[in-house]
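The two complexes that follow have chain A in common; it is paired with chain B in the first and with chain C in the second.
And then the complex of A and B:
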């Protein structure tokens, strides 16, 4: 189980040109080990930059990315090892499928790690199981899969490396509700089975509320809020001031309070709302 | 489910009857995507189309603006029968002027180096006189609230701003219909609100027929009517309240209901006396509040 932290990290696109954009401005934060942590923020808030910094795809202009307290850029030649430990699933990862079979695609990462054939096969099967991809699909071409299945295969390819930190940038974007639930359940399975730390970027407040232990809010290249899910979503006005929101169900609870119903604050899921309202209506 | 009065009337803006469409896969075999779909959309109507990935939603959208051709059935859009062999290229160009599409990825649909040039792209291609292009571009940017960005570079805008520029580009062609194909999927909550409130206002104030394809159930709740596609067929059709009253059917089709609706169904299942099908936050709050007051009065009498 690994702890990831940013220590005074600044990242600027086009630094020194007239077009420079500060993507992260002196950001320090720690992602709690073994948690599912959500990162939310308006477009351009620095979310995607941050996830690309976490596994060394981008290098901070200043500051450090720490994995278990060690600067991941201390030995740049060993960056590949860092990338095995911090697995990144980028946006629309299904566009990166390229092998002839789903099995070969999922095996690509473990193969690069130099694992034995048996270990690779075991990891491929485990990864497919985590994301709910039927074993019979391992022998077909990834290009014959449906959109949702392709997404699962691509995520399984990163899970097969058993990263201690799994980072996913908008893993459910563009999927229908069932596809979205399947992907989120797969990520939860992986976290439960491996104890890995999971970091998820999303624009869906409803998904984040149902899924995350901790939430980090980025706004204008800085950390705007961070804490447990309940702490963060209790700041509805602050979230809305930076282009974000609370789940629809939370808005409903506020509307009920305005009408005089005695419902508690801090309700972020449909299940919690049901529990709170049942005694008032039965 | 109730059928709309205007159903299967070729006078409607869109009239589809037993519409079929197929693709050829890489082995040359025909794969039918739409298996005989019938529906109408009246001028000025606001229709949301829901369906799982691969259900045929985007195929339907591409048929409506002539990117794809029907393989069978009838499809009349703006008075043109698109299934007829007599359709000319000019008919298709006119169709694309009238039916503008906004796609999912804001980065894939802006072509020019300045916002105003991007908006001018459509009318320039239509051969509109220069002075009129200027007027149309200015009016379109004002309508979507992007006047201040006319001379900005599109790639430096936020996702919501880019989508609004794409909408302005369509407006400058004076369309009668806009189709948003998951145009809010990549946006943050503020961006989603920006885009939706812009197109809903155009629908209300300018009478532009609006078709939104979405995976966000609470966006579909805004529409006049919802059409649910499942495996290339229409599964449900009706007002949002009618459609979201069928959570089991929607779930079986890989979909969902808005959180508010899910809550009301859940409370009703455990015995709460809640009548009606609220789909918005306010409707739902009113319903729960009424039930709560009735119960309080009832308790007091008892």
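And then the complex of A and C:
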């Protein structure tokens, strides 16, 4: 249960060279404690930079990253502690697996925290349960798993550290629909069980609509829109002006409405659409 | 980690960029020979001047070229110091305790420094700053073609080199990503003793090796899908041709070499021993 905030953060790649690229330009935002917040943006909008700033992998050129109101760069020597509190799952995290067994790999983070063996074992089991990894798979080499299982194991490796803020960069990228649903359900399980704040970066509007309480839209290195899911998705025109779109099901529903069908506005998921359409068919 | 300077081709339009890559390889070798032919102060003066002239011709900013000298700075100073103190001679400049510095030593040290600097400057100018890695490996393949008669797999060798060069930036980026991921899991690379730091590398190296194999597999598959089957009967999309100015450049460098030999005969001042 922790709040994360960015306070006038600017980050520039290759600062001082002719090739400099502004990734974040004077960005201020607050992620509410205990919510699942989505960060959406086009390629190059600064999403991935932002997640690396959140746990101190990168240092902002100016501005502050605040965790529960405290600047995470106040004591750079204790950055490790911050990284245990803000868990980061990078893009394609399955490429970071390295231990002999899945169990050992998930335990790697908690071991670095210096926890007791019993505590580590309990956390490994919990984390595997969150992501729906069968316990028999814990004794298998991570390199023998399927793509989707590897992804789950890697995410479990960060969840096992029980971070107060779990940050995931494109957790469902490159997975089939079933794999994607499994991963997203795992993240939801974690949030529900621990009450942690979750920040998910994605460019898939469908995932975001089904999954997030709050949404922050980044464009051109700045916060373009932010608010609850419904607030953000009600600005369909503004979204399309920065190359983003509302979910396809929303398009379908507004097309139906234009054709004279009496369906409500503000439908962003297939589930909600099912509920709205069923009475019309009966 | 982000500043690894390698294969730093500098795109520009210059006489050096326009030269045939094969000719540049030959010129680089001739230039190396020239640096070793130099014996006296005239020669080294001419050598340094010609290297600077080449830099001007290449239109690569001097600042960027000097960067390539930074890694050898230590070796440069080390050899200079050794040469100054260890070269014997007749005219003693000054001396204390058991160390004696002779005029010849100073000359010798200066010559060695010029030699190393020019060596690095010209080879990197010919082979990396003004030649793309692809053009360079193509050139090497073309120049080594005669070895095929001895059953040396020249094409395969060149292909391996191309692939190796191509993957350096990819693997650098990959390393950086894996390091970030493991740091996020609490690995600490900057604290602890030697053994702890070495142990911290295991979570980096294993994923890196695994992903290198995966990439190699994927690349092999992609190449096979496009019917790659080695060099036999393979034609090139761009066939290089020698132009008049390539020959002119060769002539210039050969003339320069002849000039160096002639200057050596003048026997002025300190002459480096054989």
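Going forward, the second predicted complex is superposed on the first by the 281 of 282 C-alpha atoms of A that agree within 3 Å, B and C clash if a C-alpha of one lies under 4 Å from a C-alpha of the other, contacts with A are read in each partner's own complex, and residues count from 1 in each chain.
Convention: a contact is a pair of C-beta atoms (placed from the backbone, for glycine too) under 8 Å apart; a residue touches a chain by one contact, two chains touch by 3 or more.
A quick note: this is a predicted structure, and the numbers were derived from the prediction, not measured.
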Item to complete: For A:248, select first, second, both or neither according to whether it touches chain B, chain C, the two together, or no partner.
Response: first
Discussion item. After superposing on the shared chain, does chain C or chain B touch more chain A residues?
Written reply: B
Worksheet item: Given the touch rule stated above, what does A:199 touch, chain B (first), chain C (second), both, or neither?
Response: neither
Worksheet item: Once the shared chain is lined up, is A:55 touching chain B (first), chain C (second), both, or neither of them?
Response: second
Worksheet item: Which partner does A:87 reach: the first (chain B), the second (chain C), both, or neither?
Response: second
Worksheet item: Touching A:158 in the superposition: chain B (first), chain C (second), both, neither?
Response: second
Discussion item. One more residue to check, A:97. First (chain B), second (chain C), both or neither?
Written reply: second
Discussion item. Looking at A:259, would you say it contacts chain B, chain C, both, or neither? Reply first, second, both or neither.
Written reply: first
Practice prompt. Determine where on chain A the residues touched by chain B overlap those touched by chain C, and list them.
Written response: none
Worksheet item: chain C touches which residues of chain A in the complex?
Response: 52, 55, 57, 80, 83-84, 87-90, 93, 95-98, 108-109, 112-113, 143, 157-158, 161
Discussion item. Can you tell me which positions in chain B touch chain A when the two form their complex?
Written reply: 51-55, 104, 158-160, 182, 185-192, 215, 217-218, 251, 254-256, 258-260, 262-263, 266-267, 270-274, 281-282, 284-286, 288-289, 291-292, 295
Fill in: chain B-touching residues of chain A, taken from the complex the two chains share
41-44, 146-148, 170, 173-180, 203, 205-206, 243-245, 247-249, 251-252, 255-256, 258-261, 270, 273-274, 277-278, 280-282
Worksheet item: Which chain C residues qualify as touching chain A in the complex?
Response: 174, 177-178, 180-188, 202-203, 206-207, 210-211
